[in-house]
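First chain written, first letter: the chains are A, B, C, D, E and F, and each begins at residue 1.
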Amino acid sequence: MRLGDRGVAEARPITLTRGFTKFAAGSVLVAMGDTRVICTVSVEDRAPPFLRGAGHGWVTAEYAMLPGATPTRTMREAARGRLGGRTMEIQRFIGRSLRSVVDLHCLGERTLWVDCDVIQADGGTRTAAITGAFVAMVDALQRLRTEPRTVLPLTDYLAAVSVGMVGDRALLDLDYQEDSRARVDMNVVMTGRGQLVEVQGTGEGAPFSPAEMEKLLELAREGMAGLFAAQRAVLGELAEEVGLHVPDARRSPVGGHQEPG
Amino acid sequence: MRLGDRGVAEARPITLTRGFTKFAAGSVLVAMGDTRVICTVSVEDRAPPFLRGAGHGWVTAEYAMLPGATPTRTMREAARGRLGGRTMEIQRFIGRSLRSVVDLHCLGERTLWVDCDVIQADGGTRTAAITGAFVAMVDALQRLRTEPRTVLPLTDYLAAVSVGMVGDRALLDLDYQEDSRARVDMNVVMTGRGQLVEVQGTGEGAPFSPAEMEKLLELAREGMAGLFAAQRAVLGELAEEVGLHVPDARRSPVGGHQEPG
Amino acid sequence: MRLGDRGVAEARPITLTRGFTKFAAGSVLVAMGDTRVICTVSVEDRAPPFLRGAGHGWVTAEYAMLPGATPTRTMREAARGRLGGRTMEIQRFIGRSLRSVVDLHCLGERTLWVDCDVIQADGGTRTAAITGAFVAMVDALQRLRTEPRTVLPLTDYLAAVSVGMVGDRALLDLDYQEDSRARVDMNVVMTGRGQLVEVQGTGEGAPFSPAEMEKLLELAREGMAGLFAAQRAVLGELAEEVGLHVPDARRSPVGGHQEPG
Amino acid sequence: MRLGDRGVAEARPITLTRGFTKFAAGSVLVAMGDTRVICTVSVEDRAPPFLRGAGHGWVTAEYAMLPGATPTRTMREAARGRLGGRTMEIQRFIGRSLRSVVDLHCLGERTLWVDCDVIQADGGTRTAAITGAFVAMVDALQRLRTEPRTVLPLTDYLAAVSVGMVGDRALLDLDYQEDSRARVDMNVVMTGRGQLVEVQGTGEGAPFSPAEMEKLLELAREGMAGLFAAQRAVLGELAEEVGLHVPDARRSPVGGHQEPG
Amino acid sequence: MRLGDRGVAEARPITLTRGFTKFAAGSVLVAMGDTRVICTVSVEDRAPPFLRGAGHGWVTAEYAMLPGATPTRTMREAARGRLGGRTMEIQRFIGRSLRSVVDLHCLGERTLWVDCDVIQADGGTRTAAITGAFVAMVDALQRLRTEPRTVLPLTDYLAAVSVGMVGDRALLDLDYQEDSRARVDMNVVMTGRGQLVEVQGTGEGAPFSPAEMEKLLELAREGMAGLFAAQRAVLGELAEEVGLHVPDARRSPVGGHQEPG
Amino acid sequence: MRLGDRGVAEARPITLTRGFTKFAAGSVLVAMGDTRVICTVSVEDRAPPFLRGAGHGWVTAEYAMLPGATPTRTMREAARGRLGGRTMEIQRFIGRSLRSVVDLHCLGERTLWVDCDVIQADGGTRTAAITGAFVAMVDALQRLRTEPRTVLPLTDYLAAVSVGMVGDRALLDLDYQEDSRARVDMNVVMTGRGQLVEVQGTGEGAPFSPAEMEKLLELAREGMAGLFAAQRAVLGELAEEVGLHVPDARRSPVGGHQEPG
């Protein structure tokens, strides 16, 4: 039995609090069960050094866990003097995901800094961060609009969820206890139109079959509906504005090896 | 005129939310006007290396500003790879202050990790952090009590406030705009019985007179009452338990040069 | 047309040179087209600190690019003073993959250090590293056998390949030029018995459809045959020894959150 | 009894050796009892990056303890790879203090680098550093004068002393042994005209009363006379030049939050 | 007896493989007995920051040991987060040596990056690196020639060898075992015309006599012939081009204190 | 003409001030012309980690330049966060040199920390440091003697000097200006009995002939006499005690590759 009588294909309750803090351009507290992440988006009016003069912008994400977010205190990476591999991996994952639905040419020479700080960790922090940060990004981009009739440079909605095999059962949205026992762990990022953005599946301790892979992907796909509904609900009037933007046919500049380490 | 028609000796409204997060032993969200700090206390069952075998414990504080806490994004110190001088100064200040009301012998070979993470910064973050962290510390110590009738190893209440001279006026609890214009800036930490723990006064750009110093100290002293009242109110039944503890007459081990860098 | 008239489902020629260097317990030079990686495996007779006393071992991987491996010199991370995010991500990916086919209980309190140093980079360095490091690991484990009749603690073969969508074509084993133009980029790690170990798919610049995902996975699966054949060929007499080992039914200790950053 | 029959309000003998080294613009060896600090001032002909184009200069201080300055060797911070919190706190304290008597507009786009290196540590190193560095700063500013009749951009003399409560006695200028036993420890920085620049009082292990605070401040004030006399004596002809400068009524640019971390 | 019946004045067999890797401007695998070093040279079209605008170029060397190059794994310096003293010393030694035969004025505002990565370590890695890197440098400079009739900016050949006293015997080209037992250890760098570039002699554990010094220098001088012959042989047609260049009589800019830390 | 009418074979005046600071076990200020270095020796009652249990001790040296020691301020390496290559090279050179005359077995499981801090830099700082540190080491070892009749564990005197070719002239003890113009720069460390400990000769910008090498070595040898005389003079009664010690015939443990980075 899952905690709180959850079904295998049932996500934990999600809440998205817009405007959670006051000074960032976008700020959302996302709660997915007991996982809580503060997502803020700040706008810098220049592109990062590796893109100077390229005529388009960038979205960069940073991720951290507050020391008190876990039952045993997590050491602060600023105190260690360097970011751990897990943090690096997660913030690259979040950044890549968010960039996939932003039209960077249309954004212009700006940087969106997306900060995801976990204040309570109960599994699925990176996927919750993406789902929450997307909403904060809408708010930050909305603030940039000088004329009300321009379109937000977002090609689609974006949300993420974890799935995994615990024993023989495929479960949606694993909490920490489930994640600790999972044989296979997969993070899936999708757009509102049902396209894939990132799929990262790992056999923890043992390989998995292509059939299991397929089953998990299907489960994730079904679970997305609730996340997009929550995003739309909290965006209210703005909900209809997302995804209207059609990027120019020119090749997007994000591909290839230019992405910095 | 101060923002919101505040009087010169009037602090901003304070709210203390106990149990703000779920996994830390103590967790408080403190809001003082638009300044918001998450204070968590985690308990480690051993003393820090420099105290091993000394038979008593330690209280150590860490402080950070979330990047989105300020209108212009603050760079993450973990990304820089080192703590800045301001952060170091503040977390040493918070740690020293909190240790002054904890009986470290009575605490035993344990470390209290106090984490203060500013999620919204509008002046007075370090003093708000102390006022909030004190309450989180009470909760963490309460959890350590195995027998209900033992006394909390806290000798007194503790709170902090900033004061400053803006032009010729002595102001209590400066917000960011006032702080930017202040000639003299002072942080005062006091105990519930009216004793001083830390006084740090700085003439920003110009020296100040001993008379101004006295005036500011007096203003801080008066402003403390509201802070202690807020702490008592939120602690409810526990409020009476603080300060009952009388430490042994032996000299406290905290003095001297043993304190690590 | 692909370089050298390669078909879309054709991998570049692979060569595995066993015993490439002399002092490491296992040492393989893997060449996949113009990509060249030196993979060495060193054995340390103790487990890493986070596993001390747990009764089993660990496999840890490190990855680096020699500065002269690319047409434009790549700065040395030792000179920068820290590992970049890309390096961290890759070495975690390699380590997780290799651990999935090693029986860590059977390995005992030892650490296998797998070092993958790219001396020539033309795309697919991380997947080539896995394919080559597997063979070096076999050699290192073979050296540990004190009695000839014991079984190597490897549950199966392991190899990896990249696949991607360039325009509308699904291509196997992308070289650098193809990788730069790919819309979707996927790294797949599989076992000799056709099970999945890691699947990491990324839509660079644009999302992809579940159908494309499926097509790429299938392409990777087909491409694996040649890699396993190359491993078997170079292992000669040892080829039959891999995968004979059947791990105890007890749960593997690698899962869960214990894995360090 | 204090060492050497010192009275409670008696400072240790102070000597200031001007021109202690040859290549820095200003160089003073300050001895206060057994505490010895080499203070040098170097002039850089540009403002620090955060002030470029602001039209005024800066004074920045660095502090270090030579490893052999203490009976037990102090580890070198360059070998650790980072500055400790105590060092950061002290050098910020010294820098703020010295800036308070320099007219930074009048200094122009220059940086005064003040280096305080403790070669023998017996308590009160940061206050001795300020008293000595002030004299070195006079020498460095004197060298900058191209015309003899211009005024030094110093608004006043500056000196510093420590005071503390050891048991019930308020003591001036604590040596290391006294400092180790002090209940209350206070550093006071004052100008020649008797204004306060910095007051930092700390209850080590136990809080202190406002009356004690007042007593200590008074003691510091009285003790300053001897320090200013020593500075005047060693400056000889230059002594009269300090403090003639009257800064423009415009607000000094040093206040506010611009001060870097 | 020396390993492999080597005579005291006999170097190990040397092989130089030109074009060992494909993307660097120059790339040589040097083998001296069991010591193997990959030397690559990359060309950057600007001078390092400390030389900007000086009108001439620079040669900078970096050295690293692959972790698997030694029987006991060597920890990666990128993982430690800093270069060790031995590495620093060696790469400065290699860089100084190579610069001595390059005409930096003639090179123009370019940087030659020389990377020496030891893949197998059996003593004499730094001297083998110099001998091999010289050949890689010839190839890189040859590539820079736009007109076939210009002269390579190399004033002479350059090679290096170690010598040492093991007991009472002076030995040429020590392997690791000999080096471990050596009383005196000396590295000698010479030009094709028999001039000295670097001489570094160290009495490990005990001093040595001037007569021993002389004997070792003589032994090194004799041993150089074979190294230059190997360089000439592998350079083929290019062999005659080295050393034709006569630098302008103006003072070389490499001397003095400008060399960065 | 050399500054101050020095002859080519004439060293600058040397003064050695014993007991320059009070708390270190040995403390010497060495002045060689305008070069001034504070050398202190501290004793730690345990061997460094890499020698634990080996039954003998170690001598380790650290070197730094105070920022104000040079006309243009030298940036503090603690502020940079890492030691530069030049510092590393110098402190390894000093450490190796001093170890060559200490009987580490006889020293026992102790570490001598030798700190050389340059307070005024005018060329030859590393050689002055060795000459001064030797005297400080005698004082520190003298303090360790519990019984007056035991012998100091020093096998000989030790001093160092620089020599160089400026134009065609071989000069002894180069000052900064001479060093900047030198074609060849050599540092020589010798024992009181005339044995060599370290010889490091570098052709800055141009190679040098074996004959020049010989000439410089001879010049250094002659210049040593004055340095040993100065050491003997300042050691007074202790002068006769140095070098009486005859180490056991067992091989010294310092050789080989065990020396840490």
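Operating definition for what follows: a contact is a pair of C-beta atoms (placed from the backbone, for glycine too) under 8 Å apart; a residue touches a chain by one contact, two chains touch by 3 or more.
This is a predicted model, so every value here is computed, not measured.
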| item | value |
| --- | --- |
| Steps in the shortest chain-to-chain touch route ending at chain F and beginning at chain A | 3 |
| Neighbouring chains shared between chain A and chain E, ordered by label | C |
| Farthest chain (mean CA position) relative to chain A | F |
| Classification of the chain A:chain B interface as same or different, half of numbers criterion | same |
| Chain centre separation in whole Å, for chain D relative to chain C (CA means) | 59 |
| Length of the line joining the C-alpha centres of chain A and chain D, rounded to whole Å | 51 |
| Chain centre separation (chain A, chain C; CA means) in Å | 28 |
| Contacts with 2+ other chains: residues of chain D | 81-83, 87 |
| Contact graph of the chains (line, ring, star, complete, other) | ring |
| Neighbour-by-neighbour ring order, given that chain C leads and chain E comes next | C, E, F, D, B, A |
| In the complex with chain E, residue positions of chain F that touch it | 82-89, 91-92, 96, 99-101, 156, 176, 179-183, 190-191, 193-210, 212-214, 217, 221, 251-257, 260-261 |
| Chain A residues touching chain B - in the complex, by the definition given at the top | 21-24, 27, 34, 36, 38, 40-42, 44, 62, 64, 66-73, 76-83, 87, 113, 115, 117, 119-121 |
